[in-house]
Structures are given as C-alpha cells and as structure tokens.
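Naming follows writing order (A, B and C), and every chain is counted from residue 1.
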Amino acid sequence: MGYERAKEQPLTFVLVHGSFADVRFWNGVAGMLRKMGHKVFVPEYPGHGSDPNTNVTHGMISRAVADFILARQLRDIILVGHSFGGSVVQKTAELVPDRIKRLVFMNGFVIGEGQSVVDQFPPQVQQLFEQLRQLSPDDTIMLPFPVFRDAFVNLADLQLARQLYSEVRPEPAKPSFEKLDLKAFYKLNIPRSYLYLTDDNLLPQGEGYGWHPHMSGRLGLFRLIRSDGDHMTYFRTQPALLAQKLVEASRD
Amino acid sequence: MGYERAKEQPLTFVLVHGSFADVRFWNGVAGMLRKMGHKVFVPEYPGHGSDPNTNVTHGMISRAVADFILARQLRDIILVGHSFGGSVVQKTAELVPDRIKRLVFMNGFVIGEGQSVVDQFPPQVQQLFEQLRQLSPDDTIMLPFPVFRDAFVNLADLQLARQLYSEVRPEPAKPSFEKLDLKAFYKLNIPRSYLYLTDDNLLPQGEGYGWHPHMSGRLGLFRLIRSDGDHMTYFRTQPALLAQKLVEASRD
Amino acid sequence: MGYERAKEQPLTFVLVHGSFADVRFWNGVAGMLRKMGHKVFVPEYPGHGSDPNTNVTHGMISRAVADFILARQLRDIILVGHSFGGSVVQKTAELVPDRIKRLVFMNGFVIGEGQSVVDQFPPQVQQLFEQLRQLSPDDTIMLPFPVFRDAFVNLADLQLARQLYSEVRPEPAKPSFEKLDLKAFYKLNIPRSYLYLTDDNLLPQGEGYGWHPHMSGRLGLFRLIRSDGDHMTYFRTQPALLAQKLVEASRD
C-alpha cells in the first residue's frame, strides 16, 4: 500500500546524516526510497566527507544544508535528521522554514532551548567525550571500538561491527558542545514526525534521557512511527524496512 | 491455540468504546471475537450514537453501561474499555462488581482518585481541549484533522485517516472534565489486564504520562499484554490481531 | 547467520536461574544453545533443586556458582543471570572476574550498592513478600497462583500457567532480603549485556522501577538486545528464540 501511494504522492526527501558518518551513510535507504518513486537529496556538510577542516561550527553546518536546499530550489521537502542530524534539522528549519513540508527525526537529537548535543548524554558519557576531545590533536572525537560495538551497532555481528567501524571517521567536537539558540525553532508550526528505532541504546532509554519519549516530547504534537533497529546497523542491513518506515513517517 | 481454548472457554465480552466514537467502533473486533466462539455485547451510552443530547455526565454514562449489563442479566463478563471507555469501566465496576470476571483496559484511561480524563494530558493539550470546548456551540470538542491524523491514526495512510476522520462526531466535553470519585474502584479486587498498543502516542509515552506504564501502574497487580497498534487504526485494519490479543488479556 | 558464526565462535555459557526455579528452568534454552555448537553449564545452588536446606544466604549462593566455575576450570565464560540470578551474577563476578568474558542479564536484577532484591519492588509488593515470609514455617516465600499467573507467565494460556506453577517450589526468603555490598562489582570492567524481554511486567515498567531501563541503567555501557517474552513463559515455549537472542547478547 505504501508503494502504491508513493506513485500517487512522490515525496522529496533531504536526508541529513549524523556524527561519525558522511553522505554514504544514507546509500541504502536513499536507494530504496528512489526505487519507491521518491526524490532524494543527501547534502554533505562542513567537517565531513571530503572536507578535511575540523574547525567547524554548528551554524556552518545548518547553513550549508539550508544553502543546499536553496541552491537546488527544493520545495515541499521532507527534512530528515538522523542522530546529530536532528539538531541540524532543527537549525536548518529556522533558516528555510517555507521550504519544508515535514520534519522527520530518526533517532535524531531534539535539543532543548539553550542546550547542546552533548548535554543530552549522562554525565559519565559527557566526561568520556570531553576526555576523547582533549586527547585528539585536532579537536575531534574518535569512538573506541568497544563503545561503538555495544552502543552504536548492538544488533550487528562482530564482522559487520568491524566493517562499520572501519568507515568511522573522527568527528569534529565543537558542534556537539555548542549551546544552541532554538527559540525560533520552538515557534515553528511545521508538521513533524519521530521515527523511533527501538533497539537503540546509545542514549539511556527513559528516565530523563533518550530519543523517545524524552527528546521527542519536546516536539509537541508529532506523529510517532516505531521500528526495530539500533543506532546504525539497519541502515546497512535493512534499508527497505527503514525506507518503508520513513515513508510512513513522512506521507501526508 | 487461542482458538482451541476459546472453544473450551467461551468468554462474554462487554466492549465500551471511547470518545469521538460509537458502537460501530468495535464492529471489526467484535466480529472476530464472535467467530472465535465468544459472546460479545457493545453498549451505546448517552451522548453518543443516535443520542443527540450532548449535556451528559460521566455518571449517566457508567450508569447506562451498568444498566445494560443488568438488563441482559450478563454475568462473568470481561468488561473492556478503550480510551475514555477505560474511565467508564472504572465507574461501571463500582456499580456492578459482582457481574465482572475481569476488567481489561485497552489503551484505556485508568484515572487516579479525584482526577479527570483531561487531567491525564499535558498542560498544552488540556488548554487545546478547553479552547475547543469554548469554541463549540453545544459544549462539545471536535478534533482538528491534523491532530487526529498524527495523534490518533499515525499508522494509517492519508486515505484511511480521512475515512476514519469522516466518522468522528463531536464529543460531549463535560464527562472528560469531571473529577471522578474512584475510592470504591480502588478497593475492588476484580482481576484486571492492560492491553497496551505500543504505537499509540495520543498521550506522551512515559515520564509522567501515558497508557502504560503510567496509568496502568494504578491497577496494582495486572496482566500485561502488548501489541502493535496506534490509538484507532488497527481496530479497522487489524481486527483479528486485536481480537487475539484481547483473548490473551481476558482468558483465565 | 547466527548459526554460521556459532561454528566459528563457540561460546561457553554458565546459566544462573532465578527464584522459584531450579536447573531445569534452563533445559530448553540450554538444549538449543548446545545444538548451535556452544558449551553450556547450569549450576545448581544452595536452597534449590535437591538441596532441602532453606536457611541459605546470598553469599552461599554466589560462592557456590564461583566454585562451580573454578572446579570445572571454566574460562572466558558468558555468565548469564535470569531474574534473581542477576544478583548472583553480580556477586559471582566479584569472586571470579578473570574467568568471565561477558556478563549477560536476562531480565535479571542489577542491584544498586547496598540494596536488596526485594528493594527493587514497589512498597506494596515488598509488604506482600514480607507477609508471605511470615506465614511460612521455614522462612520461604510461595507465590499465590493469581500472582504467578498474571505477573510471571502473562503470555501463557491457563493450562500452561498451571503446568509451570506446579513446578514452582517455595523460595528461601533470606537471600532476597539481604542488603548486598556491591562496591567491588561497580569497579569491574567486564563487558556486559542486557537481554530485555519486553512483555515482562513482574516489575513495573519504567518510572523508577523495572528491568530496563531502570536497573539496566546501573550497568553503564552495556549492549542492549530486546525480545518478545514475559518473565518465564518463553523459556518453555520459545527456547530457540531466546537462545538466538542470548547469542546476540553474548557474541564478541
């Protein structure tokens, strides 16, 4: 039924990846969405992909995504943010609200006014990030494998976990530590959805933390769609499932 | 195995619908339960169905359900409440406790002593309900389509959402705003179950709100049965699944 | 894929059962794990199985499990605790940390420093346990059938619930009431996983109680694996599913 509807209502997706990733993160899901008849755009942003600069700000990133949308004259878009990309979607929505039909957070950060991405983690994890940042020569954070394996790809087997880890690049630290002014975001009336992957334990689930219902609850009225999946594995192994769920989160 | 047991142990269901609905809400599930060999009764109550009166009270509604049970001399019933119907089940149980074998709340409100149905919503939603009530000519609440589409039928596609919305009638406001005396309910020892539809985001999930575990937790010892499903869609599209889960929640 | 990997990486499991059970509790799951190519050991501990003594302590139990591991010269083990067995795993890990490759809690108690197993229950349930203890001639707790049926085996039909209840033996009370010194446990760096059976309502789910995320959250970094299942039923009816999930929780 989703496939039939897609023919009737093709959607225009802009997919924003998260930390420790680049545009290739969306390859599987984007391919499935295109097969279903949708248009899909995947912007790269500063400090990622082929950009060697690690001295980037959160504002540079959201500005780059907004410019991508404007340069291609995209309208009525479904703006999707995964993980750190959620916070990018929040700030991009402030810049080009009239281009966006619906915001979709896919285990994406929904930052509270005046907070940072790192603020969403428990104190011990914040300390770990701070230490990793200090240890790096270029103000980046690189995940130790045991953290990646158990917290990011808990559903993967070891071989796949190693493969996915080999693709991880150090993440510029600054944007995740910046306190974000989101007053304009919290006045927007753009429809929004939360696609919640229920096996994702990167953030503690519940009791003051977590993707859903803790951060999703900041969205006010939103459409909830749930799916199996941890933080990263199913993007590689179950792209058809995630694309289908993304359409359910995105359709009118 | 459920089907085999139903032959051995036919149950007597009384199904109580919620707000914005009438007896037709249960058509699909009731039909499936009857096919499985169970007896099913679906009472209409004041202010709903063919009753044009909107000046009804919560007491009138629970009294009507109790009278329905007494008039038909029903005994050993499984009394099921969906949504607002949960609060009706609570008060009906006070009136005819000896007729009830088990209470089943199906994403049904379990109201705390001295609270109202509306009290179970976050402050912003309470304000919305208050405004909608003020706007109506006859003290009813009518849901705007965007609220219905994202909060009541998030799993539906647009066509089905519109179809279900076309069946929604304005809901008499007063019973949902009444503070309920439930001291007698909380002394009852009738076995109870909570059938939790996990995709239902009408109430925030967790952190001080929600069907389960927040309101279900007021039941003390209860049997938990979980199922996929949002607040209303699967009653139309997956009646066999919901009937099966209802039997699992209801059997001895 | 799990089966293929098992051939490559056979694991050594030590499975620790919980209260109201004995080594036979693991028969189904252990059989499946062995078929998959793993080594499986299931220690009995004092006060359970053929041991008629009910005057046992938590220390006697964890010591017995540690001695079992030492006597068989087991190394690189996956130490799995279900229910009360979780607290045993915590203390056993303090005794033989160098023998353990990974700890797996399977709806197992993760006790906070200085707390008891009984402390993890809501006050009313604590009172019930206290009363049941007082009523017993030998300081044991025997579950009333209605509690067992709705809180331990909610997914079972009545026939299976009765069968499983017939196998329940009174549980020595003392170990569950003891306050545990877990300071050493909380300094261990052994990798750990939580296998969460999502239909288990023995402990309230969320809001200050529960297997996950409340108690699991005490583990710091851990691998989360989720599965359908209540507290006990699927050990009898779905051993292949639970064995597969256990491998996902246990593999490197």
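In this text, a residue touches a chain if its C-beta (ideal position, glycine included) is under 8 Å from a C-beta of that chain, and two chains touch if they have at least 3 such contacts.
Quick caveat, the model's predicted, so the values are computed rather than measured.
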(request) Write the angle of the rotation needed to overlay subunit A on subunit B, where the fit uses Cα atoms and the result is rounded to the nearest 5°. (result) 120
(request) Could you check if the interface between copies subunit A and subunit C is built from the same residues on both sides, meaning over half shared, or from different ones? (result) different
(message) As a quick test, compute the distance in whole Å between the mean CA positions of subunit A and subunit C.
(response) 36
(request) Please list all residues of subunit B that touch 2 or more other chains. (result) 206-207
(request) Within their complex, state which residues of subunit B touch subunit A. (result) 124, 146-147, 149-151, 154-155, 157-159, 198-199, 201, 204-207, 210, 230
(request) Write out the stretch or stretches of subunit A touching subunit B in their complex. (result) 1-2, 5, 9, 191, 193, 206-208, 212-214, 217, 220-226, 248, 251-252
